[in-house]
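Have a look at these structures, which come just after this line.
In what follows, subunit A forms one complex with subunit B and a second complex with subunit C.
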Partner chain A sequence: MNLSGRSPASREKRLDTLSAYLGETSALLKEYESTEVDQRIRTFSQSTPDDVLSALKLLAGFRDAMTIIHGPRGCAASSVQLALAPAQEGRRGRWIVTNLNQRETIMGSDNKLRETVKANYSRYAPKAIFIVATPAVSINNDDIQSVANELSDELGVPIIPAYTSGFASKASVHGNDVAAHSLIKQLLPSTRGERGEHVNLLSTTELASDCHEAERLLVALGLESNTLPNATSIEVFRRAAEARLSVPLDYEATTYLGNALQELAQVPYLTLPRPIGVVATKQWLSGIGAATDRVQEALHLHIRETVAATAILQSSPLRGVRVYLSLSPSTALGVLDLVQELGGEIVGITVEHLDRLSLEGLRHYQQKASALHIHIGHGQGFEEVNLLRRIKPGLYVGSGSHITQIAQLGIPSLYLPRIPIIGYRGVVSFAREASKVLRNQSFVANLAKQDSVYLASWLQRSPNWHIKQEVK
Partner chain B sequence: MSENKSKHIAIYGKGGIGKSTTTSNIAAALAEDGYRVIQIGCDPKSDSTTILRNGDELFTVLDTLREHSKVKLEDISRVGFKGVLCIEAGGPVPGVGCAGRGITAAVDLLQELRLFEEYKPDYVLYDVLGDVVCGGFSVPIRDGLAERVYVVSSSDFMSIFAANNLFKAVQKYAPSGGARLGGVIANGLIAPYARQLVDDFVDRTGTRVIGYVPRSQVVSQSELYGKTVIEAAPTSGQAEIYRGLARYIVEQEETTIPRPLNGPELKAWAREWGDRIFSTESGVVGLQEAI
Partner chain C sequence: MNNHYIEHSRSGCALLGALATIAAINRVVPVVHSTAGCSIQYQEGIVPFGGSTPSGAQWGAPLSSSNISQKHVVFGGGSRLREQLKNTVKVVSADLFVVLTGCATEMVGDDIRAMTKEGREQGFPVICANTPGFGGSFHRGYQQAIRALIEQLPELQVEATPRNSLVNIWGVVPQQDAFWYGHLQQIEALLDESGIVANTLFGGERGLKEWKDIPYAALNVVVSQWGRETAILLEQKYGTPWIEVAGLPIGPLATDRLIQAIANYLPLDADALQSIQQRKQQQFSRTLATLGPVYYRIGLQREFAIVGELSLVSGVVYFLAHSLGLIPKLAIITDVRADEHSEAVTTSLIGVAGSSDISVEYSEDAGEIRDLLRSSDAELLIGSSLEREIAEELNVPLLAIFFPVADSLILNRGYLGDSGALALIEDIGGAILRSSRSAVSVDRVAQCAG
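Our next item is the complex of A and B:
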């Protein structure tokens, strides 16, 4: 792992990440198994989050730190949205924006950044200050590093720049890697204490209840959980270097961090699926059990925990329901199993991006539903509306704001980000929430009486009309 | 000679002052002495390394990035005189885009390709356009890429002005890990007062001249043949001057943080020299000088 650069190479270069595709899963798998994956472009794209947003989400997880969004005020809009998210209340650090004006973008804004850091340090005394670069300061290559170096010494706290740009990668998930790169570079202790017994539970944006469920399972195995970087502290992050091992709650977002801890601090990183659904949770526990000499304990725990979940599985509201998923790849491939455990039938998936980290899951998807296509798009409401008018699923499970457009098609829609899905308790809550949505069919039936936001002529086009192979 | 850590050196100067010629000749002289050298042109004109590679075609880093999604080192480099690895960052065509941003992107790509780890050079020379015009052009000195900076300057005021601007950037970034100044290369000197003028400027700014390069027809002839002086006229006095610069860079690693003149100081200094040159050329005899 090369930490010498300011930020990691783009996710496309490291992991062949795709952000646009609609077609056969098998053809895509073949491409990934060959040497080069062809990038696709969108000739029309709706609002897509960028890497700045992902980095902000990850860094906001440090409750005792502060984030300075370095750019014009509009660049902080995403943090307003994050701050308003009710599920995250009390779990996030403070943030502020430098609010650059035209003069500062031309003449350089290091003085304003310096003043912002000092003022906020004296007011709030955070344990660390993150400076998140936005497209404006990336384009003019504003000087962040010398301010960070100078004030780290002067104030005696780590001032950590995260060099996101909004354009280095098309995949928002890249921002997680940029943030992890900066954290590892600046916060990992140069000398490590004795190896502890704690286990790093790597989580970025999971709900508090999902983190608690994973922590509960680790404790039940007799392990101490060190959860980071979600709702964490600088001290907890530093302890990560002394952990016994690291396990991911979402490998898509935390593999860069896990690999860095493995390579630089010799903390083994377990490659495990998201513990969503009974089978994957068993795999997750078994993997941890095998790495910590707790194989039998993991098996017994699984048997005990499955009792409550079995009742739900047997009386599942999803039995026979045709389900479409539109989620991050790791979540989609996890929920896919859960839906099938609950008796539902998967009729298609949209993933926000796809890369080599999810290839195993993609193979699994192809084996289970070989005739199905895969759609890759983040925030592409039009493409999904066009697809779903044809597929007509009985339930849509999504995480994008365009879920309202899907509901307007008369399709019962479940907004997943607010629903606990991790572990055995996740099975219960997911089934309960899906049941509520499926019972209230009149809600979407009424919504469907409204006119579509898209013109009929647009909807006559094929769903992949705007996705083209990049020709160079 | 490749066991030591690579030495990264940035050479700045006003456009058209002869820094690409100087840099290429230094690169050639270093290569002639057996060092492994990389020269990276950081100028949208993309002509920094032309005379090292006999004018052979070389796609710039940014052109190649536009054409291919995956770029390999061999796509963007040519081996020139005595093994000097030639690379041109490139940039947008005039009137569009952002050349500074291009340099940042090109440098990022070279790091991703692990150029320095793979090629293991003794010296990396960055030939950078003009004075510090924006954040992009300061990347080689600011982001810890180069440890030493040399400035090519003639005795023209605009060239001195550009050098002074560069000193400001070095002074600003050196304390936080940026490059420090190795010295000034006085280039293209013709006028009788040229040497004294440059000497006076470096005295005032706490720097030094590491070599004087007079204007020479040998340089022009060599360039017309698409070669460095080291290659085209290896026994000439001009070639010896470039070899002297290369030796200095190898042997003298001492650096300074310059004290650039502020606006009024630079203006007053220029006026003072204007008066002196006028006096000399118009034959004004000072009071004491008549005795």
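Our next item is the complex of A and C:
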């Protein structure tokens, strides 16, 4: 791992991350197994998030820190949701935007940044201050580092720049790595205390109830969990260096952090699937059991917990339902198993991006459903609408704001971000939510009466029409 | 507006304002030429908290967006825009496409005017606006989008003879005023009662057909300072006169004032107008009287603080102070900058409140706003959902009606006219009833006595 630079190399360079693809899963796997993966681009694209947004969401997890969004005011717009988040989610981050104007984007903005840091430090005395770079300051290459160094010394508080740019990577998930890179470099204590008994539960934006479920399972195994960087504090983050090991709740978002902790603080990082569905949760627990001398305990816990879930599996509302998923890769590959456990049939998946971190899951998908295509696209509703008009699934499970356009096709749709899906309790809540969506479809029927925003000529075209190999 | 840093900013940038404005015109579709993320800032930060979602751009998501990458930042994104534009017209059904730029493409210097012209030469209905986020606030984007339409829509490059009863309405900023759709519909309805046809231009079915009527209006009516620039532009372009009213019209008194102001320019029957207004005032007054028992029981007569945008603050303060007996103590204006011009705004607000006891402050920084509210000793707070934290701290009821609104659902409600005024009373009453502090607190009595 190269932690020397101010930010990690793009996710594309490190992990062959793809953001556009529609085709055979086997062909894609072959590409990943060969030496080179060809990047694709879109000749027509729709709104998609960037690394700034991911970094902001990750950093909002620190309750006792403050985030300074260094850029024009619009770069802070989405953070309003963080200021308004329900208190029980523990992610109500305080943030300030430097609100750059045209002059400052031309002449430089370090004075404005300095003033913002100082004024708000004296108002709130946070335990750390994050400075998140935006496209405008990134293009100008404004000097954030020297302001951070200078004020860090003056105020005696860690000031941590995260060098996101909005364009260095096409995959927004890259922003998690950029934020983790900065946190690790600047927050880990230089001398490590004694190795503790706690386990780092790596989580970025999971719902509080999903974190609680994972923590409950760790406690049931007799382990103390140290959850970070979601709904956490600077102190908890520092304790990560003394943990017994790190386990991911979503490996897509936290592998960089886990690997860095392993390399810098020798905390072993377990590569595990997301604990979604009975089988993957068992796998997750057994992995942790094996690493902590709790193999039997993990097995017994699994048997105990499965009893409640079995009843749900048997009376599943998904039996025989054709299901399409449009989610992050780690979530899609997890929910895929859960849907099959519930008796549903997967008829296709869209993943936000794909890279080497999900190859094992992709092989698993290909074995289970060899004839199916895979679609890679984040928020590309026009491609999904085109595709789903052909596939006509009985249920769509998605996480994007284009879910309304899918529902408009008359397809019952489940919006996943608000539904707990982790562990045994996740099986119960997912089944219940799916059952509601399938039982009453009157709202979907009304949406279906509205005109489509897409031209008929587009919907008749091949859905991968606008995905091309990148010319180097 | 303010160029200070801002904690928990309650307005997006110019690009996001232009996006919301364009999306609120039926079958007019924005094409964002910027880095990825900009449109998501709109979808995640504006759409959930800006009230009515514009149906024009398919509920705000997803949007055509060029998502320029590193290569385009280095070598220019013009060719990417050409490709995106050429393909947008083949995928999305629309009457007009509006290219909007973000910070990155402006800094790189992409020539979007040339690209847009090229598109038009190929027969695509497309115009453009330069709307980088560093160029201003959400409100500025509203003005820029409107200017682009007026200056570039071919059908608006005409010499027009005005129609006597038609007026254009400017200054309600879609999704910055969370009640924008309801407010526009209410303005339309209340003018209609007096025989005035309001061209409100945004929301629902309102599309290019309505925009093509702009030159034929006899008057432009500006209901917030954000509509002024457009009215001046239209005066220069078509010679249309304009008026600006101090505050959105809430209740019969304010409605009457608005109609009288318009009547100076339109050939309306003064006697008929007067009898309509008299009838409405009597009706309103009867309904207001039914409030009696609750008014005393819950102590509706309160000293209140209000945090929000000038036009709605003025409307609310005027109504509550002149019809309901509430006492405005503090107004914090979030869309006017404290400078040499704000003196006039303060004077105007004191006039609106009918009392110089009101203190007027200017800030959009959440920290500063909290400090001002802490020292206000108000018994009722009207603001945005960002004031939830301080309302809980101070244990005062909060009604969130300014962006961002996170704790109520708005489809086409609004607070204008007579029915809107009653809805405002209902909502204030609801906020008081839901809060724990219905009896006068002992601490407070002690404080006053001491």
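Here is the rule we go by: the second predicted complex is superposed on the first by the 462 of 472 C-alpha atoms of A that agree within 3 Å, B and C clash if a C-alpha of one lies under 4 Å from a C-alpha of the other, contacts with A are read in each partner's own complex, and residues count from 1 in each chain.
In the analysis below, a residue touches a chain if its C-beta (ideal position, glycine included) is under 8 Å from a C-beta of that chain, and two chains touch if they have at least 3 such contacts.
Note that this is a predicted model, so its numbers are computed, not measured.
Once chain A of one complex is fitted onto chain A of the other, the partner contacts of A:Q102 are limited to subunit C, with no touch recorded for subunit B. When the two structures are aligned on the shared chain, A:I139 is found in touch with subunit B and with subunit C. Judged by the touch definition given at the top, the superposed model places A:S4 against subunit B, while subunit C stays out of reach.
With both structures placed on the common chain, the touch criterion links A:H402 to subunit C but leaves subunit B unconnected.
Of the two partner chains, neither subunit B nor subunit C is touched by A:S462. In the superposition on chain A, A:N440 makes contact with neither subunit B nor subunit C.
Comparing subunit C and subunit B on the residues of subunit A they touch gives the larger count to C.
Once the two complexes are laid over each other on the shared chain, residue contacts for A:K13 go to subunit B alone; subunit C is not touched. By the touch criterion stated above, A:T116 is placed in contact with subunit C alone, subunit B being left untouched. Within the superposed three-chain model, A:E150 lies in touch with subunit B and out of touch with subunit C [touch as defined at top].
Taken together, the two structures place residues 139-140 of subunit A in contact with subunit B in one case and with subunit C in the other. Chain contact summary for the complex, subunit A toward subunit C: residues 42-53, 68, 71-81, 83-84, 94-102, 104-105, 112, 115-116, 119-120, 123-124, 134-136, 139-140, 166-168, 170, 172, 379-382, 400-402, 404-405, 451-455, 457-458, 466. Per the touch definition, subunit A reaches subunit B in the complex via residues 2, 4-6, 9, 12-13, 36, 38-39, 108, 139-143, 145-146, 149-150, 470, 472.
Within the complex formed with subunit A, the residues of subunit C that make contact are 2-16, 29, 32, 34-49, 57-70, 72-73, 83-84, 87-88, 90-93, 102-104, 107-108, 132-138, 366-367, 385-386, 388, 404, 406. Across the complex, subunit A is touched by residues 66-70, 98, 100-101, 104, 108, 111-112, 114, 134-136, 138-139, 142-143, 172-173, 175-178 of subunit B.
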